[in-house]
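There are two complexes below, and they share chain A, which is joined by chain B in the first and by chain C in the second.
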Partner chain A sequence: MRGSRWLVLVLGLWLWAISLAQPTPNTPPPDFSPRVFEIARELRCPVCQGESAAESNAGIAVEMRRIIAEQLAQGRSEAEIRQFFVERYGDWILYEPPARGLTLWVWLSPLLGLGLLGYGLWRYLARTRARAQTAMAEVSEEEIARLEAELSRKP
Partner chain B sequence: MLLLGGLFYWGMQRPNPNELKSVLVGKPAPSFSLPLLEPYRARYGPEMGVKEGLGKPVLLNIWASWCIPCRTEAPLLERFHRQYQDQVLILGVNVQDRESEALKFVRQYGLTFPSVYDGRGRIGIEYGYYGVPETFVIDRNGTVLARHAGELSEAQLQGYLRQVLQ
Partner chain C sequence: MTPGLLGGIALIAALIFSVLGLVLAVLAYTLRDGRYLEAARRLSTLGLMAALVSFGALEWAILTDDFSVSYVANHSSAHNPLWVKLVTPWAALEGSILLWALLQTAYTWLVSLRAGQSLDVWRAPVALGTLFAVQVFFFAVMVFVAHPFDAVPNPPPDGRGTNPLLQNHWMMAVHPVLMYLGFVGLSVPFAYAVAAMVAKRFQSWIFETRWWTLVAWGFLTAAIFTGKWWSYEILGWGGYWAWDPVENASIIPWLLATAFLHTAQVQERKGLFKGWNFAFITLAFAATVFGTFLTRSGVIQSVHAFASGPVGAWFLLFLLGVMAVGLGLLARVSAEVREAGEVRWISREGALLAGALFFGTFAFVVVLGTLWPLVVEIVSGAKVSVGAPFFNQISIPLGIFMLLLMGIGPVLPWRNTSAQVVRNLAAMLIALGVGTLLGFGLGLTLGVSFAIGLFAYNLTAIWLMVAQGVRERARSLGISAGQALVELASSHKRRFGSHIVHFGIALAALTIAFSQTYRVTEQKTLQVGETWQTRGMEVRLLSIGVREESNRFAAIAPIEVRSTSREGWGSDGRYQTRLNFYPQMSAPLATPVVKYSLYNDYYFVLMQFDQEKGQWATLKVIVTPMVWWLWVSGLIIVLGTLYILWPGGARVPSRQMAPTAGD
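Right, the complex of A and B next:
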């Protein structure tokens, strides 16, 4: 019993040590500051499918990171750097395009969908409730009397 | 359902992705000057680029030696260069490449239209390029008329040429 507890402890320590030895994923390579990657993460890599400029190792993404690092060193703000790429590539380069024009409709469509769904549900519930009530009102007096008589006869 | 159908139809009607509209269309082409690859220095000088006073429309072709479609495009561009060099400047920009590889490519296809060397592809980013090959059509006044992403066919090249020589 004692031995197995020790075994578990040693195994646990060993696993913990291994987890420490693993590099955490997506940490920037040492050549650029983490800030460069924070900005690059919001930018699309133009040649890759579904990768940001932070993750890709394509030449163009590497060059984009270099441009970001240079502009940061020149004291430009994050917004200015993003603008630099938008001026050359359009809003397409941003992973979160600004909410205006056609994009505004894309942003609003989930809300619109939810609203429509809610309205439909409300209409449906209102209709079923109304039907239940009319069904209740349609029961005639003598039928109710007959039912009550039936119920009182039972015991 | 109708909405979905409409969306699908709209998606199908969208222009060819190869003719991705550039933000630059209708705007002045970013000017630059870069060192020419060695074989062109004797004729064109040490540097070349898009700048004022060229007096000619420019077909700016971004290429790399490792790019497969560039290999079929290069002979076509060369042919057009020989035919129209007095009227239009076909200027290559070699990006994301090693200079020695670029020189090998130029020699292999016997390219006589000038190419500048932009190892890191910075000018490409300045123009908002997606990849190689990519061609920017610039008119006589230095305004970008079109961008063509991907390989050019002869008919497309002819079309751009007509557009630019009007």
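Right, the complex of A and C next:
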């Protein structure tokens, strides 16, 4: 046990050396209830590459979880906490884009996609159907005319 | 000869062979001379061999710790275990382009074996030429921009090491290779489509292209599932799909290839939809390049972008080239293709087209959602995020429609609707209702209950299809039901394979609904010896220790877990939660311990620990239902694909066209 304590110490020093950029204090983080993670999952970790505040281990994400836990303890609602972060970072912090302005288009994209593709499909099918019908009518008329011509020439 | 020199020479040789192959293919097409085609075929073999030598040289350099090669110096280390060294070639940009190019030469070689046989002499030069052109791009990028064998003037004593995220799980040996096999595999359908459009063979290309697309689709599916698995077992957040740009890049070609696999049947059957099929294939291949551009150019940041570098602009040019060739030809062709025919919506083809509509829409949404933050930033300068909560919500309605269509499609006949079909549909709707009510009865949420209903609905559809076919055959031939099933399954491989794949998809949808709805994450700091009662478990922190391993340090906190109620059933055991410290990373990497059970998964992550006295540790516990079944469903889908592709049975086009007893 003594040996492993010593190793922990060495590791601690080494850790301290490599993590000068973001020093982590040697105090235990607070306990987080499931709700903290549910809220944090909807928020972007500002310094990470595509990770939410629930996933990341970066200092700022840990801090965000701490703030969420604190505010929940103060009895704030989910919407209020989200607003708190939006005021500091802007809409960018929300992984769910607001359904207004330019990002409204993202929400409309399924309808837009269905509409465009559906319209294309409908036009295509209408054209093939029309072609099937006219082709049949045309061919038969032509055929009839040619047949009649051939028949009248023969005798 | 050093590995660096050998690899560099082989790369240049491969580039020259590719250029020559392209020239010969063009000559074969313009001069209509079979001798040029024969020469181009031989060059594809030479290209493959040169790429193999080059790849082998990179492995050689890594295995012998030759740090005079820049790739080895930057991305490997003498301390890496053997398996990490073996997979290091695809741990960073230059090496993964080399792997991509190697697989491309292998696919080109496979296609060359068919040239002059199933691939007729009119199309073969164009198809081979297209694949050679793709090869030229990749080898040129390596020779001129991202050279894996650049020499280091003063070789360091040790390399900078491999990305720790990739060293942390053996799945990284498999997942990228599968992904590239899928991505590169889509170049063959593209080449066939180009050949068909140039040679104006608009119908015959579809049969073989379907087969090639299914090969690529199978690899892509396997890659997506192994990627989910890696993400689940390594990233330590308890999820498997984050709608991250790299993940989106892999799902877009998958969706488009899926759309093609369905609409191709309409073309096979009725000769309709030729233009759409050309478009789907072009877009699916373009999407693989688009994804690579997106994630390798640094335009969009991502957790998985392990290999960023200076190749972005090149990939953008290549993407534009692919789109220009594919859609340009399509525009020319669509003036000539005059299809005539009628499609009724309440029929198999109607369901197939509606399915393609939804796959296409889904792909459109993913592309738009991934790019939109860029667009907004360019237009207004504002920064926005479009992430998992958005995609998850949008996937629900789209997924429901697709699951409904997946059940209806195979049940509906190509032509007339009979009383039998109406009875089948009624049975499926009853299953949908009963399943949903069952979910409600168990106290589940509306969404999950409906997911159970949809699963029952699809299961019923598959059961009815199989049972009715078997009963008919058994009765008409006077054989046992078991024998009839075996005979039908071996003579209608496509049909039975698609049943297996559809079953896998239905199961995957069910597990996704459960795991996304009922995942719970909790975090608590424990003193050594302290017990934490949560989620029907007793979690006791036993001790905290440290271990030095060849390529990393590890802090290890063993815990003992006992289940105390049904909620924690299956969680019992002793687990070594650990944090890995890699010299090349500033933050430690948590390696979660995952205990799977038939219902809940228990996920323990060491978040932080007392670095001074070793008295406390902070644990994160994530409980997620049914993730194990998601891996099972992935396996089922891949096995179903394999069943369809396995040689023998009904793969002959003429038999596919014939009406079948199972229909």
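Criterion: the second predicted complex is superposed on the first by the 108 of 155 C-alpha atoms of A that agree within 3 Å, B and C clash if a C-alpha of one lies under 4 Å from a C-alpha of the other, contacts with A are read in each partner's own complex, and residues count from 1 in each chain.
The rule is short, and it goes like this: contacts are C-beta pairs under 8 Å (C-beta built on N, C-alpha and C of every residue); 3 or more make two chains touch, one makes a residue touch a chain.
If you're wondering where the values come from, they're calculated on a predicted model, not measured in any experiment.
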Which superposed partner A:L72 touches (first chain B, second chain C, both, neither): neither
Partner chain in contact with A:A53 - chain B first, chain C second, else both or neither: neither
Partner chain(s) touched by A:E96 [first = chain B, second = chain C, both, neither]: second
Partner chain(s) touched by A:I81 [first = chain B, second = chain C, both, neither]: neither
First, second, both or neither for A:I39, with chain B first and chain C second: neither
Residue contacts on chain A - larger count, chain B or chain C: C
Which superposed partner A:M64 touches (first chain B, second chain C, both, neither): first
Set intersection of chain A contacts, chain C complex versus chain B complex: 90
Residues of chain A defined as touching chain B within the complex: 46-47, 59-60, 63-64, 66-67, 87-90
Residues on chain B engaged by chain A in the complex (per definition of touch): 23-24, 95-96, 120-122, 124-131
Contact footprint of chain A on chain C as seen in their complex: 235-237, 239, 242, 244-245, 272, 275-276, 301-303, 305, 338-343, 353, 357-358, 360-362, 364-365, 368-369, 372, 375-376, 379-380, 382-390, 393-394, 397-398, 520-525, 544-546, 548, 553, 555, 581, 583, 586-588, 590, 607-608, 610-614, 616, 618
Residues of chain A defined as touching chain C within the complex: 4-5, 7-9, 11-12, 14-15, 18-19, 21-22, 24, 26, 28-34, 36-38, 41-42, 44, 48-52, 54-55, 57-58, 90-97, 102-103, 105-107, 109-110, 112-114, 116-118, 121, 124-125, 128-129, 131-132, 135
